[in-house]
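Here subunit A shows up in two complexes: once beside subunit B, once beside subunit C.
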Partner chain A sequence: MKQFWYGLALLLFLALPPVRDLLESVMAFHMHMQMLLLFVSGLLMEPFFQKHFGGVFDKYNKTGLPGVVLFLVILLYWMLPRTMDEALEIWFVELWKFVSLPFLAGVPLRDSWKKMSQTFEIVVFMILMVIFSVMTYLYIFSESTLCNNYLMIDQQTVGWGFAFFVLCIVMYILLVLFTDQSQYFGDDSEA
Partner chain B sequence: MKKELIISGVILVLGGLLLFFSTSGFTAFTMEAQRLQDLKAQPPEFPNIEVVDNKGREYNFDEFEGRHMLMTFIYTSCATACPEMSSNMKYVYDMIDMEKYGDDLVFLSMSFDTERDTVEVLDRYAGYFDADGESWRMLRVPDDEELEEILSMYEVTVIPEGDADFQHNTSFYLIEPDGRLGEVLDYREIDYAAETIVEAVESVESVEEVAAQ
Partner chain C sequence: MKKPLRIVTANKLALTNLATAFALLLVGGFFGLLQGLNRAGVLTIVGGMNYYEMLSLHGVLLILAFTTLFMNGYLWSAVDYVLGGLTKGIKTLGWAAYAIFMVGAILVAIMIIAGEATVLYTFYAPMAANPWFYIGLVFVVLNIWMSGIGVFISAFRWKKQNKGKHLPLFAFFAVGVYVLITFGTAFVAAEVFYIIPWTLGWIDTINVLLTRTLFWAFGHTLVNVWYLVAVSAWYLVVPKVIGGKLFSDSLARAVVILIVVLNVPGGFHHQIVDPGFTEGLKFMHLFMSLAIAVPSLLTAFALFATLERTGRRRGGKGLLGWFWKLPWHDVRFLTIMLAMISFIFGGAGGIAQTNNQLNQVVHNTLWVVGHFHVTVGVAVVLTFFGLVYWLIPHLSGRVLTKKIHNLGIWQTMIWTVGMLFMTLSMSYVGLLGSPRRTEYTTYGGSATALEWDPYLIFVGAGGTLLFAGVVIIVYIVFHLMFLAPKGYTEFMMVEEQEEDAHKTPKWTENWGLWVIVAILIISMGYVVPLVDLIGNAPPGSPPIRTF
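Presenting the complex of A and B:
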């Protein structure tokens, strides 16, 4: 339950006007910090929803597939250059960002993650890798500004941020595939 | 498992709808694309602003009413896109038979750096590209508010970058004779730009000929 309070505190902190202004002033902060932290706040708050609305999750998210699909849809939506611009200019899109990323991406993904097999996890990482690779290409090599509110150089920075994500995912997948994880997480671990 | 698949399907459909509506039916993935779409749908309105050209002449922008305009928005101290765009504009200018179309078409390079781009500076810049000051004119807009008006009318975004530079849209704007935005053309595709311009000008001419007969 402690995690829920941390998550909520993080969400509220991010919603503070000065914090919002700062994180939205630079495109890389906006996409790779603000949106990511909103998602993380959702991850942290999941146990609360599990405890109070556990029935809903058990009923509709037994295998974890619907949760992952929901997460991917929300992720894809926020990858559009247009939605980022709109979040800056239209208040209800901004609000939608603060609702959708924690509660429709973070919460369902954590619920699904516990139920997923390792193969499924790797598949999700692969999908993320493909999406982020496309984003890397798009933002680094696009010859026009995709977001009206940011400069070209900001856009390329975001592209390199995505490249870094891809690199991390590749390294993680290699690590999982070529090492015996059970040696590290035995029966005595919490999992 | 079957129920799960159905729920996933429903989420996918709803998500698809969300993406569909937020991109105007998968046609506008950037806000810029959406703005251009909205712009083309707007009723015609001719910009009412005072301009000064590189020969120092002052007149209202409606001087150009009734003609197609190929416009670019530039500042002369720009070292990156503007020279390239202007030299491509020269290629397009040379590709089009201005003797033939001169009455129906004018090339305009409008500066948004009013402070530094004086008449003399513009005239020197025009010299680099052999712009004659008649069928191709370099313009400045002395009044800041009026400059803002025409920039926002054609949705040209200009963001100051550093102390002396600007980040701005680099495109050929083909403006219809009634002031409406016709096409936004890629300045790197000169052949396509020239074709589109001639087509647009000729389509108006043929309509006029039919009307005259």
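Presenting the complex of A and C:
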């Protein structure tokens, strides 16, 4: 439950007007820091929902697949340049961002993660890799600004940020595939 | 039958590294003395090398060469000891790395002495040195990478042969240190490979701010590597010397991981007054910079806990009674304890100067020089000195005599008092505005500059004491290598942790993951400024020779 409070505190912190102003003033902070942290706050808050609404998860997210699909839909939605513009200009879209990323992406993904096999985890990472590669290409090479509120250079920065995400995901997939990760579970008391 | 004594097998290699390190300390310290006397206004430098050539050499020899060689000598010994020996191939690699270092160091030193590279140790563009200077730096970087590879391979092999066991903590520190310095040197290698074509005239201009940004991603990481090397001794050597136990193995490992993962983007705090970055960006980086304080505070907590518990076991009573029960008369403890205490002040100063407004007051003043002589010159270097008393006799198969031990106490006191004089006066006179990296001048008798003079006298006085300290420690090192009576000296390393400590979780060993996380955090810190610097690049500057 401690995690829930940390998650909630993070969410509220991100919602503070000066924090929002700062993080939204630079496109890369907006996309790669604010949105990412909103998602993380959802991950942290999941145990609370598990405890109080466990039944809902059991019923609708039995295999874990629905949760992943919901996560991907929300993710893809926020990858559209237009949605960022709207979040900056229309208050209820901004509110939607603060609701959707934690509660409809972070929470379901953590619930699903426990139910998924390792193979499936890698598939999810591969999907993310593809999505982010497309974003890398789009944002670095696009000839015009895709987001009205930001400059070309901001956009290219985000593109490079995605490039590094892709790099890290690729390295992670290789790590999981070619090393025995189970050796890193547990502690000495079991040995 | 008696158990065979455990020893470091690559002792010649380690001794060679350490001997060279202290020889360079002697040279670098001598220039420090001349600088200090110059700043005090008692020594005008005429003929031979000028002030800035000396300062360039002082910086390069002490913050780069002495420290690198000491790190290689010390950590390779530790890895060798805890992993039960190094293979022949790895030892050869170590010797090759040493040879390459010497090639690089000689190139760099010759260029500086010849007046071809008076660019100070930061070699900021658009000042351009002779290309050989930068080529020399490449060799030094190669030494670091080769030394790192030796440690990684040895650790990897050990893990293969000891499935399911934790890498011994000392080797864990070594892996962390070399991972971190590899990240840092990657940036400086990029910078140098950008500068070389420019000094050769293959490209006309250079992006100055880009080179500075690359430099500080390295420079900052470098000093934190020295700090991490010292911290390894704080966790592993101090408890052994005072007869205590390791506070917590898992905490120590978590600290290593945090320092490795969080460190590099902190480099931006050296550029707080650089133009061309938005305030928002500088503000974001404030957090990255302060984040580094977290592992330091964890360390402070763990160490005080170790000291207190040990002091109480030795019979210390009351709130602070344990403090006096610590073995203050043991030079192996006294040195490192003073080093740790100095880091409290050094760290606090660092937290202060990473704030934008405060940085504007002290930037490029002698305050900064005061700050890093406390952090590097005391917290790190005095720790290194403290290791000498058992590491070198262990390697050379000799023992520390009572006489040399007492000389060591004197050395420690002289060093501490010298540094107190020098750093306090530097810090204060820096607040009054006295600039760093400036030969003695009164600016034509300006009243403000004359106000600095009384404090600058202490810089000279402190410097004189310090040079005496250098001479003594170099003598001690020489004595312990060649003159001390033969015998066996134990390798000082704590083996036990407190009973109430957590069992170490296995995820700490996942170095592949830590490297990925570090790359993610580095890109969070540097993608925004770097794309901006390159995308919005100004025309750039041709090479300029100011010397």
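Here is the rule we use: the second predicted complex is superposed on the first by the 185 of 191 C-alpha atoms of A that agree within 3 Å, B and C clash if a C-alpha of one lies under 4 Å from a C-alpha of the other, contacts with A are read in each partner's own complex, and residues count from 1 in each chain.
Please note the rule applied: a residue touches a chain if its C-beta (ideal position, glycine included) is under 8 Å from a C-beta of that chain, and two chains touch if they have at least 3 such contacts.
Being a predicted model, the structure only gives us computed values, none of them experimental.
Q: Superposed on subunit A, are subunit B and subunit C clashing or fitting side by side?
A: fit
Q: Mind working out whether A:Tyr184 is in touch with subunit B, subunit C, both or neither, as first, second, both or neither?
A: second
Q: A:Thr145 contacts which: subunit B (first), subunit C (second), both, neither?
A: first
Q: Answer with first, second, both or neither: which of subunit B and subunit C does A:Met33 touch in the superposed model?
A: second
Q: Applying the document's definition of touch, where does A:Ile127 land relative to subunit B and subunit C: first, second, both, or neither?
A: A:Ile127 sits against neither subunit B nor subunit C.
Q: For A:Ala9 in the superposed arrangement: first (subunit B), second (subunit C), both or neither?
A: A:Ala9 contacts neither subunit B nor subunit C.
Q: Output check: A:Thr157 vs subunit B and subunit C. Expected answer is one of first, second, both, neither. What do you get?
A: Only subunit C; A:Thr157 stays clear of subunit B.
Q: From the CA centre of subunit A, what is the angle out to the CA centres of subunit B and subunit C, nearest 10°?
A: Apex at subunit A; the opening toward subunit B and subunit C is 100 degrees.
Q: I'd like to know which partner A:Ser25 touches here: subunit B for first, subunit C for second, both or neither.
A: Touch partner of A:Ser25: subunit C, not subunit B.
Q: Once the shared chain is lined up, is A:Tyr172 touching subunit B (first), subunit C (second), both, or neither of them?
A: second
Q: Superposed on chain A, how close does subunit B come to subunit C by Cα atoms? Whole Å, please.
A: Taking the overlay as described at the top, subunit B lies 10 Å from subunit C at its nearest C-alpha.
Q: Enumerate the contact residues on subunit C facing subunit A in the complex.
A: 163-166, 278, 280-281, 283-284, 502-507, 509-510, 512-513, 515-516, 519-520, 523-524, 527-528, 530-532, 535-536
Q: Quick one: which bits of subunit B touch subunit A in the complex? Just the residue numbers, please.
A: Per the touch definition, subunit B meets subunit A at residues 1, 3-5, 7-8, 11-12, 14-15, 18-19, 22-23, 28-35, 157, 159, 161, 167, 170.
Q: Touching subunit B in the complex: which residues of subunit A?
A: Counting only subunit A, the residues touching subunit B are 60-63, 65-66, 69-70, 73-74, 76-77, 80-83, 85-86, 89, 144-148, 151-152.
Q: Tell me, which parts of subunit A touch subunit C in their complex?
A: Those residues of subunit A that touch subunit C are 22, 25-26, 28-29, 32-33, 153, 156-157, 160-161, 164-165, 167-168, 171-172, 175, 179, 181, 183-189, 191.
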